């Protein structure tokens, strides 16, 4: 996909070892368990009336589907309105192109330092590394992102980037990297970070932010945040560059109201965030602050490919609240880094295979028990479990009806041995006679799991085959079912 | 082909064909209506729940309250609008023994360092306010620029009770935002700046104001 | 996921689909299910040609093979009787996924027809049979684990506890994080054994902490997983399928 592909591939090869490492790390287990339990409780408390929640989800899903149903028109309308407002709009096929566009603007402005508000798309395209390679400093200003950057890590959660660290770890990190005193006082640590970052805001040449919703009707970029770093990023430096995926567009201004309500409540249980920042133009004549230039970079990176398929399309409804990961029993156990990709958790499992290719991300769709907790809380009703099953099918090219799906890396996980197992399984199970003949199922079960039973019995006793099958017991009674 | 055209072409020539838009039923949003007095109560409850300080005042005593708060908080100065009525009123009735009044009288480039480190508090009015979420609605302008409600550590917002609307949706609709055209920047502010990025522990004032003080004039 | 279902009056006959796990490992649960239905005055038909709903291949991505096996099952229910399964997971496969699996296939109409009359056993006992249970057993403390499929796909989170609530001498205790998955997930448990182990270990600890004598569940996959891990961890509680448990409680002397 981009210059970071090799890094991602490296990560995926190490999926199981990474998982093992995370699971064996009591600190990671404890930090995530505590955080996820808290977030689940907060979300529950934020939706006291279930019928309101369900109606809001219906509405939000409809709004996102409406936007997707008109996506090319809305993108053009967004571009036309932003341009009329004085915002420059750029289009990028992939992360590399987007990085290049941003670098070009930086170089034109002779910029040396970029301050960043939180943006997952910029993480996706590894913008910080790209700018630093070209001798432009990129500094994260969201406190969580700042911590992660100090630690030379990547976010482990899309909403709370430093959720994998506890206070002691952050205190040590800030002490080592910035010279603050070691302290368990979060107020103190936060105040120190404020001071460190304020100086940088004053001096930054360019601010880079993400976008939560881009409103086509008015040409407005909406940002949701609590800290105020997003407002500073988009107001203080003389140039603001917003970067976003092409799917973030909504049709009308009023469409953002239910989406905003669901986003903040689903994410952290807040009825609203501290700031909802709507930007429609650069500084106008007579205005005393705000950037002189505003740019929007629209990034595709595989999204238009997802768009081709009626079922996979639902992936693009996502509003990035993170509720799916907060409620995921797998994410809770392994944390965000073990996935090895920008977007962890259930949304990552259905999005990354498209962005990186299934050949690269082949372990992601199977790393789910399909428990459905993600789909149950998704504010825009993305059927995540269904999409996981679809991607499992794509990975092994297991449905001849989807041979022209165009999913990158389709069939890359198909192995002759597993195909053979399922073919013989099907042969045995489509005939009642054959099934019963070898006490059918038991034989097949053993054949199917020859090397896998070890994985099962490592932490469980082996299941014991019954002395006679239900088929045999029913037949022995001689009532209905005695004859087939 | 440009990236733009290539992307739009792929979206237009969608393999599974044209999509139809489902109906969006906003009734769940529109159903949220409260009486005028309930709106004030709800607004106060919501914005206090996110750490804002609320004082109910009258049209005649609000300035006394403001003066008392500014003194009680030990502020050395206060950034006040020049043209907005709240600013005019404050300037008219201020006295020399009170903290110095400042003006956002020039582009930010001319006094960035001073604004960032030398201003203790700021006063703004609001365009409207939202009961459902306890939010202030601001459209910053030449008189009350964007950084006024963001950079100083204490933000005083003066709200008239009759400015309270039920929901954000109602604000957009009833004020005709789309038809009149959006300003450079429109804002909802709900509480002081905060973060929970260190082990989900709330801390205030991480980047913006540490205190948000709302005077509701009834 | 599932829309609100209107339940029909109690029929004279039903088909019983035992599921492959019950067939191989827990036939007693199947027999108990059949007997509970018969106790309600229903004639139970067990098609001998039944094998598996196809879910293992389906969730592994081998949809062509899942479809072949599922198509064979579709032919087993020619009369318009309900199809009852002692498993939320397999019932979910038939009710929720068969229609999609056969979209555009010759079996599409048949798949929809069968899907519309599929019921999970406890759902059927409670909402169609309106079963009344009389407890004849000694006092006992149990915890209930409802499978994720039963809870989320089939919307049956309240059914198991409600049935257990009819038993006077049964104290139902609630384990921490009761809605969380036990980590079975079919092939997931062997494809990602580290994660599955972490999940089932937590689940066993949570159930054990309640002091329950047994763990009751309506899905044999969860039961195999949880009781297998509990035995390995040398915990005292036993596992039992809800059908076996209900039948036993009503017939103990």
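A, B and C are the chain letters, set down in written order, and residue numbers restart from 1 in every chain.
Rule of thumb we're sticking to: a contact is a pair of C-beta atoms (placed from the backbone, for glycine too) under 8 Å apart; a residue touches a chain by one contact, two chains touch by 3 or more.
All of these numbers come straight from a predicted model, not from anything done at the bench.
Asker: Hopping along touching chains only, can you work out the least number of steps from subunit A to subunit B?
Answerer: Step count on the best path from subunit A to subunit B: 1.
Asker: Mean of the CA atoms for each chain, then the mean for all of them together: which chain is nearest?
Answerer: Located nearest the centre of all protein C-alpha atoms is chain A.
Asker: Which chain's centre, taken as the mean of its Cα atoms, is farthest from the centre of subunit B?
Answerer: Result for the farthest chain: C.
Asker: Cα centroid separation between subunit A and subunit C, in whole Å?
Answerer: About 32 Å separates the centre of subunit A from that of subunit C.
Asker: Taking the mean of the CA coordinates per chain, how far is subunit B from subunit C in Å?
Answerer: Whole-Å distance between the two chain centres: 53.
Asker: So which stretches of subunit B touch two or more other chains?
Answerer: Residues of subunit B never touch two or more of the other chains.
Asker: What are the residue numbers in subunit C that touch two or more other chains?
Answerer: Nothing qualifies.
Asker: Quick one: which bits of subunit B touch subunit A in the complex? Just the residue numbers, please.
Answerer: 2-4, 6-8, 10-12, 14-16, 18-29, 46, 49-50, 104, 106-108, 112-113, 116, 132-135, 141-142, 145-147, 150-151, 167-169, 172-173, 177-178, 181-201, 203, 205-209
Asker: In the complex, go through subunit A and note every residue touching subunit B.
Answerer: Touching subunit B: residues 31, 34-35, 38-39, 52, 55-56, 58-59, 61-63, 65-66, 68-72, 75-76, 85, 91-93, 97, 141-144, 147, 160-163, 165-167, 170, 186-187, 189-191, 193-194, 197-198, 201-202, 217-220, 226-229, 231-232, 235-236, 246, 252-255, 257-258, 260-261, 268, 270-284, 286-290, 298, 300, 304-305, 307-310, 313, 404, 406 of subunit A.
Asker: Hey, which residues of subunit A end up touching subunit C in the complex?
Answerer: By the definition above, subunit A touches subunit C via 16, 19-20, 23, 29, 37, 329-330, 333-334, 365-373, 375-376, 383, 386, 389, 391-396, 398-401, 418-419, 422-423, 425-426, 428-433, 435-436, 440-442, 445, 448-449, 452-453, 455-466, 468-475, 479-484.
Asker: Once bound in the complex, which stretches of subunit C touch subunit A?
Answerer: Against subunit A, subunit C makes touches at 1, 16, 18, 20, 22-28, 30-31, 34, 43-52, 54, 56-69, 71-72, 100, 104, 148-149, 151-153, 177, 179-181, 183-201, 224-225, 228-229, 231-233.
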